[in-house]
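Two complexes come next, and they have one chain in common, chain A, joined by chain B in the first and chain C in the second.
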Partner chain A sequence: MADRVIIGKRSKWWNEETRLAYLLLFPAVFVLVAFMFYPIVYVFLMSFFNADKLGRLRAFSGLKNYKTLLATKEFWKVTGRSIIWTAIGVFSKTIFGLVIALLLNVEYRGRKFSRMLFIVPWASAVPISAMLWMWVYNPEFGLLNYTLEVTGLWKNPPVWLGKPISAFGACMWVDIWIGIPFMALVFLAGMQSIPSERYESAYIDGVNSMQKFFYITLPGIGELLMIATLLSSLWTFNDFNVIYILTRGGPANSTNILITSIYQYGFEWLKFNTASVMAVVTFLILSIVSIIYAGIYFKRERE
Partner chain B sequence: MKKLNKLILIALLLSFLPGFLFAKGQQEKPKVTFYWALYDGLTEDFRASLQDAFMKANPDIKLDIVPVPWKNMHDKITTSLAGGNPPEISVIGTRWLLELMGLNAVDEVTSYVSKATLDNIAPGAMEAKIKGKLMGLPVAAGARIMAVNTSITTRIPMTMGELEKDAMAVNNPPKVYGLIMPGKKHTELTDFAYYLLAAGGYFFDINSDGSYGKCAVNSPAGVKALTFMNKLANVDKVVQKGYLSMDRMGSHPVFYAGKAAYVFIGAWVESAMKQANANFKVKYAQIPPFAGNKSTPLIITDSIAIFKDAKYKKEAGKFLDFFYQDKWKAKFDELVGFPPVTISASKLPQFQTPLYKALGVAALNARGWPLMEGWAEYSDIIWDANQKVFLGQMTPKAALDEAAAKIDKARGM
Partner chain C sequence: MKWRNRSKPFVIIITILLLLFMLFPFFVMISTMLKSGEGVYTSPPNWIPKKIMFSNFITVWTEYDLLGYFESSLIIAIGATIFNTLLSVPAAYAVARLKFPGRKTILYMFLVIQMFSPVVVVISLFKIIAGIHLLDTYISLILTDTVFTLAFTTWMLNGYFKSIPLDIEQAALIDGCTRGQTITRIMLPIAVPGLVTTMIYTFIFAWNEFLFALSFIKSRPKMPLTIGLYNFVGRWSTQWQYLTMSAFLALIPVLFLFYVIERRLVAGLAGGAVKG
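Moving on, here comes the complex of A and B:
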């Protein structure tokens, strides 16, 4: 009987069908292990070792790297800034995305063209968009300040990338501008899957627009909203390009977030120990966010 | 089902086969990869024609000259070394050499470059000779000077005090600015260095054995330099609008556009102005010292390093012999505007102009960057101190004291 169970188990995991499945899965698994899991495991290891300037492990150091980094004020400032960056970014992208999706969901002439236009920031490469905005913000030759001055809207506009708060805001806006189309498209897809009968019934019952939005549209796209904001949180937290290109973390480190700090420590200063600890902290923060989201999502799905 | 499995396996293997065959075919021809710094003034035409000409002269070698923006060069080299895939050769800041040697990443140049090429290089340009070994071939060596837009002013200030007065006299923003001053962090700490050296200071104390002592940016000279820079920018307001958001690449075009009287700049000024279609005349002079100090410009040298773990170092040496002929190297020098490092090119008529004369005088008393490991981090710390002062967050003394303490701590002092 015992033999039969073992044979049964073996055949469940190793039969002609599963062998084919393994064979077909192998390339994808190999790529994942080589390019995703190996680097992650290596970074974890590096955070517990002394690494040389090329990131090669030299000697085990236990929690020393963590203790050193966690004791610095700069680390906490950068972590706090990363959270603020993500929170404002995701919130703004969600609100703008919702508004634009609602507008694009209304029947009007030129709707297709509008939809196409809104996807441009998403379709462009992020570094190109960031460089474009760098020129827009240029205080001497830039389009933004020139327009503000010429139209008389702002006689003496600020140097957007030159002061801590305006630089943070300017970077934030570029990140939002790039991220809005994704949110809008996801929400639009969700809105289009809501049966029109619901709106028709609501109309007959005399429901106003706000009530339609809060009682039909929003619940109708609820799951998509969660997934989109989760993805956006992960991307925004890890958005390197915008800050690196626009300010390189300056002025005076005022726009540095965790991901740009990791690059600075790792590849500019060759301090891979510190960089790896920061990378692990980033990984943990994002994992916690993902787990909470996944928990809520699956709980709802079960219900 | 078994047959299907076998078929899929065979199909997979066959799909890989052309790749293997292609890779094998490629290996027959050695490929030299050269990370080519995109200096101001260098053109794509020149890069492509050099690459083509070398491959035509050496059909058995493939050459890939990879253009890399200067601000990304350090990171690009680091990542290629960390990935175990360094180029054969790369332009490097000579100041990075100690770091690269510490990683055992670079080879002696003399093992691969011919004696004729080495003998044609001015001995004074061999800054990359460390402990008697030449670890990099000088590619560019240029002191910094001051360029004056003569359509705005003909006055040549002899001291920093005079510069301030002259800049204020012509300053009429946003049409005309007195002086160009980048305030955004970029790869080099050049701007603070100009003023620090002009005040008679340096980044570190120099011990009696020639080694570097404690960080000295907070010396009276350092504080004087930063106080003066802050006065120019925030009190006199003679620098270009939005200086805090402009690095070197962003701020120099304001001078090329004819909107500023003075700029501290390198030898590339003429070719960059030509490319920007600048239509005003320029005079060249030395960066003025503070009253009572002697003129001490900054000199920056770059080298070409050969990487130890690269595959085709012999072929890379062959390319360097080719590149260092006057036909190519002199043209390179002319485009980027650096004074030639080769003896034969320095005698050519195109290098006998007022610009090169000014550069020659500047080189006599010039000082370079500290040759030390960790300089990238320390210069960032000093940059941050500069910006804190410009933003009004700290006084020059407090900011430089903090920076010096951080640097000394990072160096274990």
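Moving on, here comes the complex of A and C:
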């Protein structure tokens, strides 16, 4: 009890302190309930009802919406694409992040400046970055294809956003590009907390750089790696802006992932049954990952 | 990590190459924003504009409604920042300093809902916003941006409040300060760095927000920057010199603010071991 500010008696649970706490929490909890929990409950409800074009609930339909949607090829394609999007995205962000963190962990003049520059893709507004990339990818007037051709790196670069596979790859790259700096910063912070004696004794033992990386650096940032990948999975899975701005799910639906499909079904085609079932599926997937993240984070906080 | 000296030049070269690669779209932005209309649409394109048009800087303010978009974004972002602070400070104080049934559960909920996807709820949120007649208003965005940053800012502030020694507060209470006074006169001044972080975080979130604005705002004068710029993007004849110029101007404030909070943000997201 000594670690708290004590006011009044704490004989009953409903005391002055509890009342004050609930009073202070009330406004925040109220808006969260009204504008976050209630909408989630509504989406769940909607997925079990027949909804009309205005999203009003008409008749209870049980699992019908789920059965209908789960029987479509489209749903599995989109879900699969979401998983591929997240898996490749997070993997690439981790690798790039590790490389940049290792580079930034070397001391030289101007290191702080390069650190600053590496952050720019994360610091920049995602919708604006996506619009810039749209121009970069322009096949005729864009500077990307021009530069690739002139430098001879790629003689016949694709019409990036025009064909299904290259469009998906192009979107994926923009998402990866945005996510790299966060990974790099977390890994860098982790690496800098590894005591330098470990490296020094390794140096005396004649250990090479590869071994240093795998036996000292990587284990040293192990738990952070876990937290960063979990967070990154959530963000990657949730990315709406990049795909919506670059391709709107096209060409021929080839870049739609769950998140963009929900929006399309809901706002463009007003098919609330489909949209709500997809939203519920997405919510469940995200909740699992969030709970794992929260669990690890809570454990760390206590230590 | 101590690298042997001879590998340093190698590290620097790789760093420069990687930076050129990572900053590519921004080089394109800077190259395009000073081009003329024909300069943008020449094939093959050039990196250095043939004709440098500093007048683009003026045109985006006068002929395009950039000022209006800036104004909307500012109102929304400042509104969300204030609203968020008003809600998160008391909530964070309660979970950091008071003992009450359900405290752990609430903390845990705050941590989990940080990750909720706006897309999952945007359909029903649209219905709610329409139901309370807030469609096409700044308030709709101030409200939703506040809600979707609230869990994170409360969680962060909770950490900052917890790190303030209890004695200071206890002494103030004994000296006859009320609870409210200890929060405003003792806790907040000490927690300023934390408060600055959460306020900037909310500001940036609202400034960059796209989905809610796309769904709730229909009239042009109320559009924030993200949507205003998005409307620049026509199918065939986007005037990229103006779009990139506007993008450049829109990015400057967020970049600056981001550097202020970047370290604390990483620490807040990654937890315990990373020091802010």
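Just so it is clear, the second predicted complex is superposed on the first by the 270 of 303 C-alpha atoms of A that agree within 3 Å, B and C clash if a C-alpha of one lies under 4 Å from a C-alpha of the other, contacts with A are read in each partner's own complex, and residues count from 1 in each chain.
The rule we apply is simple: a contact is a pair of C-beta atoms (placed from the backbone, for glycine too) under 8 Å apart; a residue touches a chain by one contact, two chains touch by 3 or more.
Not measured: the values here are computed from a predicted model.
Student: Based on the superposition on chain A, does the combination of chain B and chain C result in a clash or a fit?
Tutor: After superposition on chain A, which the two structures share, chain B runs into chain C.
Student: Between chain B and chain C, whom does A:42 touch in the aligned arrangement: first, second, both, or neither?
Tutor: In the superposition, A:42 contacts chain C only.
Student: Applying the document's definition of touch, where does A:105 land relative to chain B and chain C: first, second, both, or neither?
Tutor: second
Student: Taking the superposition as given, does A:253 touch the first partner, chain B, the second, chain C, both, or neither?
Tutor: first
Student: Which partner, chain B or chain C, is in contact with more residues of chain A?
Tutor: With both complexes superposed on chain A, more residues of chain A are touched by C.
Student: After superposition on the shared chain, which partner residues are touched by A:77: those of chain B (first), chain C (second), both, or neither?
Tutor: Neither partner.
Student: Under the stated touch criterion, which partner chain does A:125 make contact with: chain B (first), chain C (second), both, or neither?
Tutor: second
Student: Pick one for A:52: touches chain B only (first), chain C only (second), both, or neither.
Tutor: Touch status of A:52: first partner only.
Student: Considering only the touch criterion stated at the top, classify A:64 as touching first (chain B), second (chain C), both, or neither.
Tutor: neither
Student: Overlap of the chain B and chain C footprints on chain A, residue-wise?
Tutor: 17, 20, 24, 27, 55, 140-141, 267
Student: Within their complex, state which residues of chain C touch chain A.
Tutor: 1-3, 7-8, 11-12, 14-15, 18-19, 22-29, 31-32, 40-45, 47, 86-88, 90-91, 93-95, 97-101, 103, 106, 108, 111-128, 143-144, 146-148, 150-151, 154, 166, 169-170, 173, 179, 207-208, 210-211, 215, 225-226, 229-230, 232-233, 238, 240, 243-244, 247, 250-251, 254-255, 258-259, 262, 266-267, 269-275
Student: For chain A, which residues are in contact with chain B within the complex?
Tutor: Per the stated touch rule, the residues are 16-17, 19-20, 23-24, 27, 52-55, 137-141, 159-164, 167, 247-253, 264, 267-271.
Student: Which stretch or stretches of chain A touch chain C in the complex?
Tutor: Against chain C, chain A makes touches at 3-5, 7, 10, 13, 17-18, 20-22, 24-25, 27-29, 31-32, 34-36, 38-40, 42-43, 46, 55, 99-100, 102-106, 108, 114, 116-129, 131-136, 140-144, 146-147, 177, 180, 182, 185-186, 189-191, 193-194, 196, 199-200, 203, 212, 217, 223-224, 227-228, 231, 234, 237-238, 240-241, 244-245, 259, 262-263, 266-267, 272, 275-276, 279, 282-283, 286-287, 289-291, 293-294, 296-298, 300-301, 303.
Student: Provide the residue numbers of chain B that touch chain A in the complex, in ascending order.
Tutor: The contact residues of chain B facing chain A are 1-2, 4-5, 8-9, 12, 74-75, 78-79, 81-82, 99, 102-103, 174, 183-186, 240-246, 250, 253-254, 259, 374, 376-377, 380, 383-384, 387-388, 390-391, 393.
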